[in-house]
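One chain, chain A, appears in both complexes that follow, with chain B as partner in the first and chain C in the second.
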Partner chain A sequence: MAITKTYRPLQTLTLSGSATSVTFSNIPNSYSDLILIYNGTTTANIGVSATLNGDTANQQRTFMYGSGGTKDGGTGGPREVIYSSTTMTTAIVEFLDYSATDKHKMILCRSGAAGVITLASINTWQSLTALNSISISPNSGSFSLNSTFSLYGVIA
Partner chain B sequence: MLVGNTAYEPFISDYDLLETETLPSSQATITFNNLTTNYASTYRHLQLRILARTDRTGAHNEPIQLFVNGSNSGYNYQQLYGAGGAPGSTAAADESKMLISEGATSASSVAYSFGASVIDIYDAFNSNKHKTFRSLNGYRETNYGIVSLYSGVWRNNAVIDSLLLDPLIGGNFLANSRFSLYGLKAS
Partner chain C sequence: MVHLETESLAGTQASVIFNPISADYDDLLLIVNAKSSRTNSPRDNLMMTFNGVGGTSYGNQWLEGTGSAAYSSAQANTSSIQVTWALSADFGSTTAGIYGSTKIYITSYRNSLNKSIISDQTAIRNSTDSHSAIQGSLASITAPITSISLSPENGSFLIYSSFSLYGIKKGSDGVTTVS
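Moving on to the complex of A and B:
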């Protein structure tokens, strides 16, 4: 029986210096979902936004977070997918049916940095275009040395 | 192996797509059956990945309820959610169903919008444990959205043989909704 690789690494980027943005381009459309795993730091405690296919519009989000004794949420920062910290941050961002041309793209996001924040959000990119590039960047400052970004494809 | 060639290493997958269903038209429920027979000897944990839209009207989303092995008892669940303000929470015990997701848009939602869910099911085929679930889910369209985390338990030691997903309020999942079941092995 042929075994299909269900969950396949597509690309991993490890920063050899600071970077104001990281881009995955020419993403194949042969999977159903994409999963982006981030493990790194930024030069500030800051939101990280995604630009999809170069489009800086047409995104919306709803989020909630806990930070110390504070818990809150909102809908602002429509392109923000995660929050990154000067302390080590982990995040997982899932793009479901990213190449579908009959659906707006749904993005499930979790991120956290111990002692700073834990955050969950759901984002949408209201486009019927197949997603083929993802660029993420801190809202100010940069990602730091040794930050890693791994993109996986999942079949369905 | 020829001298100089790289040794062949057979690929062994540990996380596999088991079944998937993308609806060609409306359907009242989604059921994954015969899970014990088909998967218990190979997999330990299960995952559902869902994009869903229902025919509910008058609201912009609806919860998805889950039934295990056709059972109508023994479900507890806890939810943490954000709908644009400070997070809220809900809980229920001894329920006849498990609410596990807010991740279905409705007929009143913006066209082409679907809710999303990733649901993990632990030790699905272990007959010595109650069955535990967790999910990250929600929906977001132009002016409305909810992000939600659920934890759930089916207080039953039976191995999981079937999973049934059902819109809580509306009658049907709509066309193009997608339901995928994955299995994760353990050593």
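Moving on to the complex of A and C:
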């Protein structure tokens, strides 16, 4: 998230009730990167997975996290881009060069919930297709009232 | 993203306060490149409060890397947010001209809910010694954030420390949809 770049707001949703998923569609390919900002809660402390262009496969993930006094890292949960909590959570998910048709997509993810978890991961989506749809959903339960999802395009 | 204000210190200063903060945006991004006058350690913590509120209003959780080890820890019910290892310090062997770098993202700063913050920070000493951390923080403050106060945990900010605040506005491009 280089500060010399400019964000252009693409779309925002604030939930008026609970939701099991949130989907951004018709994403234009006119930006260099996409940034998804999540500010919300879930009905459980739980990973949130992404489906990209309807593809539920072809993703890999390496992560590290701290929770209380425990720290660890590893691979797995290949589609998880956010870890959300029952207490207020903020996450920043960056989709780099998302419209490229000659490279796999890199996704930089950070989530933070005070007293619960801090998590960072780098995910890859092994696709040569331009990303035009992002759907995210908790691995169980739902997003809660007032959770906010904002998508920005980054102008290089 | 709109640049709101930058403070670059011309001398030593105990604290930096952004006040008032425009209510025209939805999120805030704070970039800090700073060093403290602490002399008994090569790094220091950045202490942050909102709206002059102290008490037991804040908490955090961070994951830290030292170059040779990793640590995780949390704080609850504190009087300020400790942005852990966000500052370089005026320790004897800290390389001149090196300042800690920190990026603090504050979401939905005008809403009536508790405020959630995520940050990345590095307190660098020299080419072989730096501590980096990622951190989630919470301010149990439901009022809109109208001021941000920053200070080192030890001593004062040193000359050339800089602090920049940006406003980020949500919206629609009329093309992308969300449901």
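Keep in mind that, in the parts below, the second predicted complex is superposed on the first by the 151 of 156 C-alpha atoms of A that agree within 3 Å, B and C clash if a C-alpha of one lies under 4 Å from a C-alpha of the other, contacts with A are read in each partner's own complex, and residues count from 1 in each chain.
Throughout what follows, a contact is a pair of C-beta atoms (placed from the backbone, for glycine too) under 8 Å apart; a residue touches a chain by one contact, two chains touch by 3 or more.
Computed from a prediction, not measured in an experiment: that's the story for all the values here.
After superposition onto chain A, the modelled positions of chain B and chain C overlap sterically.
Of the two partner chains placed by the overlay, only chain C lies in contact with A:Q11; chain B stays clear of it.
Contacts of A:L108 after superposition: chain B is touched, whereas chain C is not reached.
Greater residue coverage of chain A by touch, when chain B is weighed against chain C, goes to C.
When the two complexes are overlaid on their common chain A, residue A:M64 makes contact with chain B and with chain C alike. Looking at the shared chain after the overlay, A:L128 reaches chain B, while chain C stays out of its contact range. Shared-chain residue A:L96: touches chain B; no touch with chain C.
In the superposition on chain A, A:I117 makes contact with chain C only, not with chain B. In the superposition on chain A, contact of A:M88 is made with chain C only, not with chain B. Within the superposed three-chain model, A:A44 lies out of touch with both chain B and chain C [touch as defined at top].
Within chain A, the residues touching chain B in one complex and chain C in the other are 3, 5-7, 64, 66, 71, 73, 110, 120.
Within the complex, the chain A residues that touch chain B are 3-7, 32-33, 60-64, 66, 71-75, 94, 96-97, 100, 102-104, 106-108, 110, 120-124, 126, 128, 154-156.
On the chain B side of its complex with chain A, the touching residues are 11-13, 15-17, 20, 49, 51, 80-87, 110, 112-116, 118, 136-142, 145-147, 149, 176, 178, 180, 182. Residues 1, 3, 5-13, 22-28, 37, 39, 64-71, 73, 87-92, 110-120, 146, 148-153 of chain A are the ones that touch chain C when the two sit in their complex.
The touching residues of chain C, when paired with chain A in their complex, are 1, 26-27, 29, 31, 58-64, 70-74, 76, 103, 105, 107-108, 111, 113-120, 134-138, 164, 166, 168-173, 175-179.
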